[in-house]
Amino acid sequence: MKKIGILTSGGDCSGMNAAIRSATRTALGHGVEVIGFRKGYLGVLKGDYLEMTTKEVAGILHRGGTFLQSARSEEFRTEPGREKAVRHLRELGVDGLIIIGGDGSLNGALALHRMGVPVIGIPASIDNDIPFTDMALGVDTALNNIIYAVDCIKDTASSHDRAFVIEVMGRNSGYLASMAAIATGAEYAIVPEVECDMKDLCNQLRQRYEEGRSNAIIILAEGAGRAQDVADNIKDAIGFETRVTVLGHYQRGGAPSVFDRLLGSRFGFTAVELLLAGQTGKMVGLCCSTIIPTLLETVVVSVKSPQDELREMSLILEI
Amino acid sequence: MKKIGILTSGGDCSGMNAAIRSATRTALGHGVEVIGFRKGYLGVLKGDYLEMTTKEVAGILHRGGTFLQSARSEEFRTEPGREKAVRHLRELGVDGLIIIGGDGSLNGALALHRMGVPVIGIPASIDNDIPFTDMALGVDTALNNIIYAVDCIKDTASSHDRAFVIEVMGRNSGYLASMAAIATGAEYAIVPEVECDMKDLCNQLRQRYEEGRSNAIIILAEGAGRAQDVADNIKDAIGFETRVTVLGHYQRGGAPSVFDRLLGSRFGFTAVELLLAGQTGKMVGLCCSTIIPTLLETVVVSVKSPQDELREMSLILEI
Amino acid sequence: MKKIGILTSGGDCSGMNAAIRSATRTALGHGVEVIGFRKGYLGVLKGDYLEMTTKEVAGILHRGGTFLQSARSEEFRTEPGREKAVRHLRELGVDGLIIIGGDGSLNGALALHRMGVPVIGIPASIDNDIPFTDMALGVDTALNNIIYAVDCIKDTASSHDRAFVIEVMGRNSGYLASMAAIATGAEYAIVPEVECDMKDLCNQLRQRYEEGRSNAIIILAEGAGRAQDVADNIKDAIGFETRVTVLGHYQRGGAPSVFDRLLGSRFGFTAVELLLAGQTGKMVGLCCSTIIPTLLETVVVSVKSPQDELREMSLILEI
Amino acid sequence: MKKIGILTSGGDCSGMNAAIRSATRTALGHGVEVIGFRKGYLGVLKGDYLEMTTKEVAGILHRGGTFLQSARSEEFRTEPGREKAVRHLRELGVDGLIIIGGDGSLNGALALHRMGVPVIGIPASIDNDIPFTDMALGVDTALNNIIYAVDCIKDTASSHDRAFVIEVMGRNSGYLASMAAIATGAEYAIVPEVECDMKDLCNQLRQRYEEGRSNAIIILAEGAGRAQDVADNIKDAIGFETRVTVLGHYQRGGAPSVFDRLLGSRFGFTAVELLLAGQTGKMVGLCCSTIIPTLLETVVVSVKSPQDELREMSLILEI
């Protein structure tokens, strides 16, 4: 293997730079050339890339986002688009490709693998919805960002009859909302996986205040509704002043946590080692504190199962 | 003077605890008793208060919010309500009262002053809309909270044709939005004081992207519209994906910045010194790095003038 | 089981409050009374404790340290001391005890277990030197504190011929130093487990600067030397200005990271479940994202093995 | 005026990038070319500079340090060195120079001014020891960094008979130590300006513990002694375990606070306006929330006077 490519695709997250840096330095250490494609698969299609050197990846470890940028490409979803990508990779002499991204990106990786391109996928998705890895890249930083904001909100004066609805990311996954609720002692988490009974929630809210507890935090996954709608519902039902925070892309950015820097570094390192060993068509995952590869074709047909222990704990802790 | 009271009223903010602690310790140092009313004027009306000791104010300096809590009281806005408050203060033997809050709270302070209660006001309002003080308590922390979030958002992958709308506090004041825009290098600030030409903004956005600049940050004061509406407008007009963040009460909380801790400490200290010197009916303010008192009756009829120099600078820096 | 006790012992760390809160709420949820001993084993010996209620553990989840306080007790290390502790526990009607701490504390836990007290240990030690758990409580927060400081130091102007030595905790363990070095892209980690060849380090430093790289970060575990001595060595050997930072107890405190809040919550929850199930004399540990119990007698005679993969990666990444 | 130069000199600090960016954008807005010298006066002597464009200063506003780098130059302190600098500036067609730095750098600025170079100085020094400005650039960020660390240390378990000594910057100035002590509620500040009676301090420490207060924080300016020496003194005198933290260059870096971003932006903006107006040989300063210029020759012969009110307040608050 003489030259490998790296790209970040889909929603960006903190820790991607650590993975890029580590993969680059590992490959260069083995005497392998590295090029980085800009804006994901789009860069492959457009031939938009840069030569990666030690200097190029200096000073990025503690930066959020991805310095290679990310984007979605409609063309790459088509058969001709993918054929063009494969052709470009061959013309550039790229013998292997590391793809950092979420489930859409990993599907793309599998497609390239099936067309003969040696690929390794690195799971990156703040929703933590990718199977065969305990944690995806970016989850820990996103959660730390969220709890920082929720802690601030809990600080503000407890007044009577007031509730706060905080909308976090998660279209199909309540992972961020649930974990943030446990980690901040929030009173409710509304998630896409479980139907929320607003009437019941309002009753609990009213009872809380009658017992003299002066504020309530509700953490809402974006896939389970809009924060403003939930707030309006509460106000209509029981007359409480309800304030809204929508964290949005604040969650994605920021200096990566130590967990995401180490995880990204390990993913990048192992991805290159696997490529060089010819172990391709796989995704690296964190399992038992060890980095374990799984076949991409297994990953894309599987669903991450929720941790029942955590759900049970939530109930006991009254979240 | 043998006994003074302290209360925090209106919207809470970071730095209130520093002011409470400083006023308490200063008064105790002069052999004056201190009581703290809970939930602002409500505590005066209900006789809900606690004896303030050095121990009571230990460990609060670095906490957001106000440990005396804050609330709005309808009753206190009425004549009979205020008479009841004055009666309660006399019965408790309170010779002087320190009121920490925004313009509504300072109006209440002036009313009590006119009814014979020696009062000192401390300006606290994250909108920085109180005249005769360069900075109100809580502004600096709120701004630091805002820029932390905006920096995170700027980190996330610059993709093409995307804009971010970030809604900050400020019902009638664009101070937070304007300063945050300068401090983060945001592209636009939409404020209540200036009519926003959405068509013009969209044109500028489109031009920006045509020049190859890949993202745009728009900071919106809540008084100038809803973030989601602005985002929908942009999407309808030029088809850009536009993401929304509503910072909400996140802005109010969090560990106070060094500026707010020092300002709160100085305000609390000077408030007590003024009370003891019989210089009452005044608000303390920060002016030229010095704490200067101004008559409350002057404060409540004045309007804070914007800093023209900053507006001019914004134009030059293309914000 | 009608009543359990909780204590935190040895060096405090972030996340202990999460464990206390979770254990308390879980036990109360099962109708079991809870008392919290102050200052670790000292509180047991002195009968210094408080009744734990939901209210008592409110508002502590996001606070660093341990609100039950921690201390070392000479008396508890003696046979008569331990007998007294057992007697006190019986008199108080404590049927089970949860001990949160490092290896010394877990040894104490085992001693009590052997004297017939049903105990569960929760590993808490920022050195991450306790076997049978991937991560001990407090490690993740400590590392995040460290990298925050190192990132700041890396920010400062790169001048020529300058090195920075940053001393982190770790008397016998280089874990914090090694992980922090990987996570910040530091140039060197000096750890107690590996002899440091200062001459070689100075040569590498000199070469670095000759190649035009303008600053170098050296992370030193306290057990491997004093920062000032290392700095003086470098200055004497190659004349570089070398600046020192000693992070000290800064590392232990601060709002716990999401990882430590979740880990503490899970440890506390499982500890109570085990106690109630009669599964005592064990330590809970994190293994494969699951909480697994191990016999305390196995824990105390084992040594945590380093992760060879990480060492190899460090070499490749040139740390 | 067709072309101006900018440089940062002496110890770097947070906010320098904001000043560089603002000065650059302001000058470009007026159609004036800008070049940035690398590593301060050294860059002038070596002809090491870069053309400043809007793109060059993009993405630096929220970064610590100075992207133009800073260094000390022995040669520039000599007469021939300065003549060479003036010659180089002429050859490059530089009509005006903005110098961002501390008192040494401002002395250099005055020397160039006297040799006919139109200069404007921008005060940047975390010690806040430059007269004619309420605050120098970098002070606010440094203080916020310090209090973040001290807050963490205060979090850790209060054990008995323990003290913490935290060394902060300040060779000749106790400003950081004094302000940090007020802002964190530390028990003592040891500063270069006031002789510290260690015996008295130890007596107070002992008395504190006898009263049951379980920890003490001592903030030490580096110019008033070494943290380890103070700790050893306390241990020898009264036998207390005393832990040391030396914050070092951690204080200089980190994302600039909102105060420093706004101050830097305003300084840079006004510096260019003054240059263009021919008002040179001056330093810009913050006074009464306004940016005011003062003659450099006045600045360099003056001494910043301490704020007596703050000293008095410290005494009352028992710091």
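By written order: A, B, C and D. Residues from 1 in each chain.
Throughout what follows, a contact is a pair of C-beta atoms (placed from the backbone, for glycine too) under 8 Å apart; a residue touches a chain by one contact, two chains touch by 3 or more.
What you see is a predicted model, and the numbers here were worked out from it, not measured in a lab.
A.B. asks: Considering only mean CA positions as chain centres, point out the chain farthest from chain A.
C.D. replies: D
A.B. asks: Report, in whole Å, the distance between the mean C-alpha point of chain C and the mean C-alpha point of chain D.
C.D. replies: Measuring from centre to centre gives 35 Å for this pair.
A.B. asks: Measuring from the mean C-alpha position of chain B to the mean C-alpha position of chain D, what distance in angstrom results?
C.D. replies: The computed centroid separation for chain B versus chain D comes out at 28 Å.
A.B. asks: Rounded to the nearest whole Å, what is the centre-to-centre distance of chain B and chain C, using the mean of the C-alpha atoms as each centre?
C.D. replies: 39
A.B. asks: Quick one: which residues in chain A touch 2 or more of the other chains?
C.D. replies: Within chain A, the residues that touch at least two other chains are 151, 154.
A.B. asks: For each chain, which other chains does it touch, given as pairs?
C.D. replies: So the chains that touch one another pair up as A-B, A-C, B-D, C-D.
A.B. asks: Please name which positions on chain C make contact with chain D in the complex.
C.D. replies: 8, 11-12, 14, 39, 63-66, 69-72, 145, 149, 151-160, 164, 166, 214, 227-228, 243-254
A.B. asks: Show which residues of chain D lie in contact with chain B when the two form their complex.
C.D. replies: Chain D reaches chain B through residues 21-22, 25-26, 29, 58, 61-62, 134, 140, 143-144, 146-148, 151, 154, 179-180, 182-185, 255, 257-259, 261-262, 265-266, 269, 287-291, 307, 309-310, 313, 316-318.
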